[in-house]
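Each chain gets a letter, A, B, C and D, in the order it is written, and its residues are counted from 1.
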Amino acid sequence: MSDMINVGIIGGSGYTGGELMRLLLRHPYVNIEAATSRRLAGKDVCDTHTHLRGFLDMNFEDLSPDEIKERCNVVFVAVPHGTSMNIVPQLLDGNTKVIDLSADYRLKTSVFEQVYEIKHTNPIDAVFGLVELHPGVANEIFVSNPGCYPTGAILSAAPLVTAGLVDAAIFDSKSGISGAGINPSVTSHYPNMAENIQPYKLTTHRHRVEIFQELNRLDNSLTNISFTPHVIPSVRGILTTAHIFTKSTLSADEVRRIYTDFYKDKPFVRVIDGIPTLSAVRGSNFCDIGFEVDTQNNRVVVVSAIDNLVKGASGQAIQNMNLMCGFEETEGLWVAGIAP
Amino acid sequence: MSDMINVGIIGGSGYTGGELMRLLLRHPYVNIEAATSRRLAGKDVCDTHTHLRGFLDMNFEDLSPDEIKERCNVVFVAVPHGTSMNIVPQLLDGNTKVIDLSADYRLKTSVFEQVYEIKHTNPIDAVFGLVELHPGVANEIFVSNPGCYPTGAILSAAPLVTAGLVDAAIFDSKSGISGAGINPSVTSHYPNMAENIQPYKLTTHRHRVEIFQELNRLDNSLTNISFTPHVIPSVRGILTTAHIFTKSTLSADEVRRIYTDFYKDKPFVRVIDGIPTLSAVRGSNFCDIGFEVDTQNNRVVVVSAIDNLVKGASGQAIQNMNLMCGFEETEGLWVAGIAP
Amino acid sequence: MSDMINVGIIGGSGYTGGELMRLLLRHPYVNIEAATSRRLAGKDVCDTHTHLRGFLDMNFEDLSPDEIKERCNVVFVAVPHGTSMNIVPQLLDGNTKVIDLSADYRLKTSVFEQVYEIKHTNPIDAVFGLVELHPGVANEIFVSNPGCYPTGAILSAAPLVTAGLVDAAIFDSKSGISGAGINPSVTSHYPNMAENIQPYKLTTHRHRVEIFQELNRLDNSLTNISFTPHVIPSVRGILTTAHIFTKSTLSADEVRRIYTDFYKDKPFVRVIDGIPTLSAVRGSNFCDIGFEVDTQNNRVVVVSAIDNLVKGASGQAIQNMNLMCGFEETEGLWVAGIAP
Amino acid sequence: MSDMINVGIIGGSGYTGGELMRLLLRHPYVNIEAATSRRLAGKDVCDTHTHLRGFLDMNFEDLSPDEIKERCNVVFVAVPHGTSMNIVPQLLDGNTKVIDLSADYRLKTSVFEQVYEIKHTNPIDAVFGLVELHPGVANEIFVSNPGCYPTGAILSAAPLVTAGLVDAAIFDSKSGISGAGINPSVTSHYPNMAENIQPYKLTTHRHRVEIFQELNRLDNSLTNISFTPHVIPSVRGILTTAHIFTKSTLSADEVRRIYTDFYKDKPFVRVIDGIPTLSAVRGSNFCDIGFEVDTQNNRVVVVSAIDNLVKGASGQAIQNMNLMCGFEETEGLWVAGIAP
């Protein structure tokens, strides 16, 4: 039997903040103690996250890092990159456990500064919180939560890469528009997105570097890694089509064995027989993976599907919290998706 | 502390069947014992309801009413109208509690036969399981679950009707396409539905009779009741715009008091300040209600929003089960919706 | 054989501006001479309206009313309400024909000031350019183009109202989101609109007054007119469900005769046998009308479907231009919609 | 000045049949003489293609090849693969020009039989009617219209392949659901497609062979060609993301020059500065192409966008007809797309 913990969310007014609350409400050992928003301080949380009406009776607060860590055992930081680095270090001098959902601590400092084109003011080493590859998060008090695209892309390729079988990997990813955030923009304008699909940053998206870092860590001879993102007319979900060129011809059975072995103790990865689809993971923390072998080109096409706001953000953050706090990995997260 | 009950679902391969399972999986006192499907007998339930993979390890079965009632304390009947009447009576001779999601037992037999144009082979009296109006379901072993449109329409008008204030009510309802079921049809063909909205049965939809029966029961002088349904390019949800002509001019405050009083002990009805929206109820058992008073025409425009598969079908059926079995009304259903 | 005319568009960067250009490009007697945009002056028109690439070789200009009327025979004013009134009078002192797409000249001045809550600085009498009811536009040099909702609503009810048969009319309208314009907003934010339907201004939308003005003009005993708008997850189109209470019971044949007679010489109104749908009018200037008689409540449910950007705005403006310039009413507009 | 021609459509009840009519209605030299449908013979064409109401006054007919060629100068064959081969030869013994939209004559007979797993009963040589690569269609009386995916894929890569610069090409294509046809199916069922994206036939789609045939013809040393299709929640459009590995590092300027040179006389290919989008080509015969150079991997990512029913089917067929009949290539097709 576990004790209850108090949890705080810095930056609670966005989609990842709302999703953290929706999911934490089901967690038997969590009390949602505070959610901050400078802009909405004093306003009812449920005026923003209207689906939570009746479940939360709290207002957004404008709290300093010191104030929130005073009241909380765990703090999630859900603010834009570049902002997080000024908050995290102040949270880390006590017993508070911290999970950062921004990009600030995912990459080596030098790489971060080059890719994000800003100076890192407070470098700290952090584990990359993709639990399936980094079970060591269980011993950490600070974890950096992965990006949404990298989560689906890395999981789709990790087994073959770890086996040293990959020559090159092209990740062609398709994301729901909620990834662009809660604030209206040209991209998220309904008439621009409906009946459309919008590729962007064809070769230069920042998440490519996260994917590279993690896959190259698994096989440092692998450098030919490409990533192209698209936005599709869906709210949630990231489907990644990984075109993986292998060093030799593999049979479907071999590939299946490699994937099922690799993920055999990972409750949130489901290696399936058919082709994954966003419907089957919506609202859940699962990553579904399926594949087909292209015998003509030494290519394996692997498809992964996640909910970008759950396994791609808030669910994965709670998965990290569970391990960091000694809870079951699945605690509060063992919920089926919603379909149709 | 309650004992566990065994639950069976007759007709488990459709959307309401899948939704019953998704919701019952969270219910602390329910074991899903059996789900029937003649067509899919022997097939893994999760090949049809792929979002439930990892949560259910069972195949569809082809069971007679006798066989299923042998194994179950509660049976949900989720088959088409006209079929249910041949199953329900066989379930009812023992201790098994039965909730019928079809239309077969919602109306008086004579009305049913006229509206559905079939002979009723096994008339039995059943409570109309709209719990907010019929708390007496707690004493029943057989309940007829309301139609999806009637649920939202009746709840939107019941307080004013009960107060004897209504002259006429026009219900203009908009439903997600999942209401048309899991089988492909011309209506559900994506190119026919996308970027469209399709009114149908402008004056003759069968659900009008259910709405009439229940509102007329609350005020038998009220007969001017119209209902026009539309399908919108959404999967889930029914939004009803009720144009209610009142006998006298009401202030917004009066209307608000009437609604909040009427629903003050009803956990699944939220009377809100603004205008309801499908996003806030998706995946949940809530009915959100908001309104505006039109001082120019003695008209109150009331808007209700429900998830057609939850409060409009499977969630409401479980709400009935909870009361029939002596559980808390909210047991297993007290879950926030999913947004965005 | 007609001479070519030069056409200018004041406010060319929005959806109605783009749609005017798309349609005018097909008009055999029109040269698109200028399109203004203060913000985008000097920028290629096709960087904004990318679908027009290859068809237009012009930049937005920042032109005064005097400058544009110097170069144009016809000027369309496609600017927000409140702005138009400061432009139109300066255009009207010469030979230039003017069609205003804003609300500034649709209503009687006193009504306008009350409803829009601004002082009208330059009242001028203008014909309400709903050609089917106001064929007199042919003699005008200034016409005020109707609002999008009123176009569909008025056309759905006009025949019965003109016949003096209507007691009350409730217009429940559903609009595509392009009606909210080209600029991103909370309403048009994709995650807010997808899988949703959003009623708004349930009893107080400004277009109610336009509908009232025009129907009351046809039968001044008719005052019970209600209007409730909704936004649906579609880009284009307005479907109006008109719940019309009649003074006596009408047969379907009578209603059909009334509608077909009324619209017999109106090329852009199609009275159809079934129920209209947005798909059949998308991209075209048609208004499709269908209906069903509710014998139980002396109610006729009439449904009209238009493309809000064509018959509801730019197409109708060109229809006005055609008559004002002595062209065939259908010139350049006789194009089928696009489906699926 | 051209003479009018009579045009017939075999298989007029599907989406490509409807689109042929929509487009041919604008063609100044075409009379639509007949449209066949065995199932709908005697029924009004506009009951199926409701957007054409008022433009066509004709019924579907059940005509033999002999009967239709008697009345028509040009016949489009829009029937499923395997059926066309039994019709085309009977049309070809006279003066009638024939354009086949099926797959039956796109591939070498031996390849066709292997890929489609049926015996070809009537092999005839036909030009692959991708006009941009096969201007020789002007001299033909029989042309085989390309598949929808191959059109976008081949056009995206042809310039670099022709220049001998390509090592490998992975085409990751995303298609609107109208490509699956007018008949309801599990794939096109709205709840299966909305808020989703569905990859299928990850490595074995038949269109891969068409792409291979045409690109290999341009550079017979190129054999590493992969193709993976997806269906997206849009009605129209195919967006292809071509991940092209080049033999050497190319600058963006070099690539741009190669593409603009290659397509300089091709009116329907627009090489643009940004990234193509389906909105800009919807309803039109254009193929928009844009690209970005990935300097890290000798990769060029080229994106093409077409309307699958126009440039991917019926528009391209008319483009072929224009050349075969001595009309301007753009006759009847020089129409901007529709946006938003």
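The rule we apply is simple: a contact is a pair of C-beta atoms (placed from the backbone, for glycine too) under 8 Å apart; a residue touches a chain by one contact, two chains touch by 3 or more.
As the structure is a prediction and not an experimental result, all values here were calculated from the model.
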Shared interface partners, meaning chains that touch chain A and chain B: C, D
Far-end chain from chain C, centres as C-alpha averages: A
Interchain centroid distance [CA atoms averaged], chain C/chain D, Å: 36
Chain B and chain C, separation of their C-alpha mean positions in angstrom: 39
Centroid distance [mean C-alpha coordinates] between chain D and chain B, Å: 46
Multi-partner residues of chain D (each touching 2 or more other chains): 15, 178, 182, 191, 194-195, 233-236, 277, 279, 282, 340
Residues on chain B engaged by chain D in the complex (per definition of touch): 15, 177-178, 182-186, 188-191, 193-195, 233-235
Chain C residues within the chain D interface of the complex: 15, 18, 22, 25-26, 49-55, 178, 182, 194-195, 235-236, 267, 270, 272, 277, 279-284, 286, 288, 335-340
In the complex with chain B, residue positions of chain C that touch it: 168, 170, 172, 174, 176, 191-192, 194-200, 202-204, 224-226, 228, 230, 232-237, 239, 241, 243, 275, 277-279, 282, 291-297, 299, 301, 303, 340
